[in-house]
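Below are two complexes that have chain A in common, paired first with chain B and then with chain C.
Up next, the complex of A and B:
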């Protein structure tokens, strides 16, 4: 089974090819605003390095967020187009799950934190399903970390620090580092963006378990919802002031 | 914290001058909401603003393109919400990424974005005056980041023609 994985949820553009033995090739870049210009050459390069043609693929994997709108739109659109054109299923994963998967197990509780910009982050508390993604201010996350540390101490007496990974954790390191005792430990810059090879390995497992979907059903998860119609009473054209 | 200044302009050039007067007050992450009916001079004001920040290309209405970006200092993203019907479509413009990246966002039909940005923004209301060419422009500063800059607003009002009914100064 061969999977092409596409990761554009945060500041990184990543492409990986993988099979059951693990990643076969990966290409990553931090192209700033040039996600669309970077992604497709990266897909071609990864296929060339791995000597796999698109016709040999069995599925497309894509990170659906939460993260940055522009990157997510580029990555999800590419995944849907490729899968639709090639007649392949799509495996989706959330950025926060990919960050967790990238951490070695046994390090304690991992809390992935993605930078949503404008003073907001998205995070996932330990042992929580992906559907319980939280979006809020770093101060709200700090309060949850403090609460988690209190609960853990009460339950187990002596607990180790939590591990915070992702670009949101690094950006708000000062605030989050002082949030709880014992102080959280921070992942390095190599875990700022969800590693695309981890997405590819997650996707192989998901395909094996039959967790995939039709490309038409794939939607990005932006993490910012605004459930209101615009009240356009003002849009009635030219008004005059007497 | 609220602070307000008002002006009246008699020509498009004067409306552009108000825009140019707002320009030096703006910094990374600022939102300007432009409110006013069709033809009130929203795009005209943006023309003066963008030119004052060093923009060289002509500024046109982004009604059908949704957003234009100008390589000014700070960079300006000029959006128009006229065609949008749902607040989620405003969210989907991902203006946070522009603001966080050091940019300024100018929003035509800005009242539609008030639920998202109205608490900390410069709100510019443009209306029709007593004559065909006259416009009234009210500039209102909202939010903590504008406290220290509110004093600059009176200078903005002075950048236009001044009092309503004053003789028009020449175009260009």
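Up next, the complex of A and C:
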């Protein structure tokens, strides 16, 4: 089984190919805002490196977010079209799940934090299902971390620090680092973006378990309503006839 | 490319999600348009983030429908020969102008389909697409023609010399014609989009009641509509008793006057065999009537596209993509969307 995985939820564009034996090839880049320019050549490159043509794929995997809307749409649109055009199923994963999967086990409690810009981050508390994604300000996350540390201490006495990974954790390191005792430990820059090879490995497991869907059903997880009203009132202001 | 020259076109630049299959830039095999106009109507204009979200949900189903209309499954293969070759020779998508979050969905979809099927990708200028819209319904049209492209975002006069070869003669220096309709409609408290509302209301109004200014511009084939909009506002303020119908009729008369006069002058300048209307404003009934009348009086053919060809669609993108592929070859996969892409004329 050969899977092509697409990762565009945060600051990185990543494409990986994997089969049951593990990753076969991966291409990553930090293209700034140029996800649409970078992703498709990366898909072609990854296929070339792995000597696989798109027609030889068995499934497409994609990170559906949360993350940055533009990148998500570029990645999800590409995944839907590749899968649709090749007649393949899609495996979806959330950015936060991929970050957790990328952490070696035995590091204690992992809390992935993804930057959503406009002063918000998305995170997932330990042992919580992906459906309980939290979106809020870094200060709200800091309060939850403090609460978690208190609860853990009360339940188990002496507890180790939590591990914060993801670009949202790094961006708000100062605030989050002072949130609780013991102070959280931060993942490195290699865990800023969800690693696409981890997405590919997760997707192989999901395919084996039969957790996949039709490309028409795939949609980004935005984690925030479209702020239609804000846009509209500022447009009206600009257009006022004098 | 096979002799059939079958191009799948994808259009997601604004609030329509569209896909079409066109052969050799001339024959529309299938064309599907899913409009989001109801989604945006309550905000009085297109909301970019809502448009982006709708496109991502609609693009694949719309593409699937367009392929089905051409007898192909969503893998691009014939329903009657599912193991046969891909029935699409190239995938074209609008790369601009338009809303970045909307454009990117179509561009990413088209490039991924081109990769999946190992066929060329063509990134198309939306405005160039509009130039071919009328021709898709009049394949017998003789070139050169002058095209008046008037929509909510653009007002352009273009000489179409041959398929794939065109020159921009003039453009609006401020508001687009459709924008003027929308702004005046909003000022009068009519609905959105404003064009159809003014068109409907003008029927019962007196077009000769108010003589609104016809702006002159430095370029002979250029347009200016912002002064007209201001004139409407000051007239209504000074004459609160005036009816909306009379304002609508007089305003529409002024816009159509200018559009037709400039197009006629342009047609004479380039020795055109005919003239085409294009863009959303081409649905305006007074403009259509006046356009046809004026060119007939000069012994020239006018091409008035159907409503479906006036508004945004993907058949025109597929047609433009076909001609562009013939002239300049495929677009590299590292091309992105260009929200402020201009129409500059072909090389």
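In the analysis below, the second predicted complex is superposed on the first by the 225 of 242 C-alpha atoms of A that agree within 3 Å, B and C clash if a C-alpha of one lies under 4 Å from a C-alpha of the other, contacts with A are read in each partner's own complex, and residues count from 1 in each chain.
Here is the rule we use: contacts are C-beta pairs under 8 Å (C-beta built on N, C-alpha and C of every residue); 3 or more make two chains touch, one makes a residue touch a chain.
These numbers were taken from a predicted model, which means no experiment stands behind them.
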Quiz item: Does chain B (first) or chain C (second) touch A:222, or do both, or does neither?
Solution: both
Quiz prompt | Touching partner for A:116 - first (chain B), second (chain C), both, neither | solution = first
Quiz item: Now for A:70: first (chain B), second (chain C), both, or neither, which partner does it touch?
Solution: both
Exercise. Based on the superposed arrangement, let me know which partner A:44 touches: chain B (first), chain C (second), both, or neither?
Key: second
Practice problem: Check the contacts made with chain A and report whether chain B or chain C touches more of its residues. | Solution: C
Quiz item: Residue overlap on chain A between the chain B contact set and the chain C contact set?
Solution: 69-70, 222, 226-229, 232, 235-236, 239, 241
Practice problem: Report the residues of chain C in contact with chain A in the complex, numbered from low to high. | Solution: 43-45, 47-50, 52-53, 55-57, 59-61, 63-64, 73-76, 100-101, 104-113, 115-118, 183, 187, 229-230, 233, 333-337
Quiz prompt | chain B residues within the chain A interface of the complex | solution = 35, 37-39, 81-82, 84-88, 90-94, 96-97, 99-100, 109, 111-112, 115-116, 127-130, 136
Practice problem: Over in the complex, which chain A residues touch chain B? Could you list them? | Solution: 68-70, 116-118, 120, 222, 224-230, 232, 234-241
Quiz item: Considering the complex alone, what residue numbers of chain A touch chain C?
Solution: 34, 36-41, 43-44, 53-55, 69-70, 73-82, 84-87, 215-216, 219-220, 222, 226-229, 231-232, 235-236, 239, 241
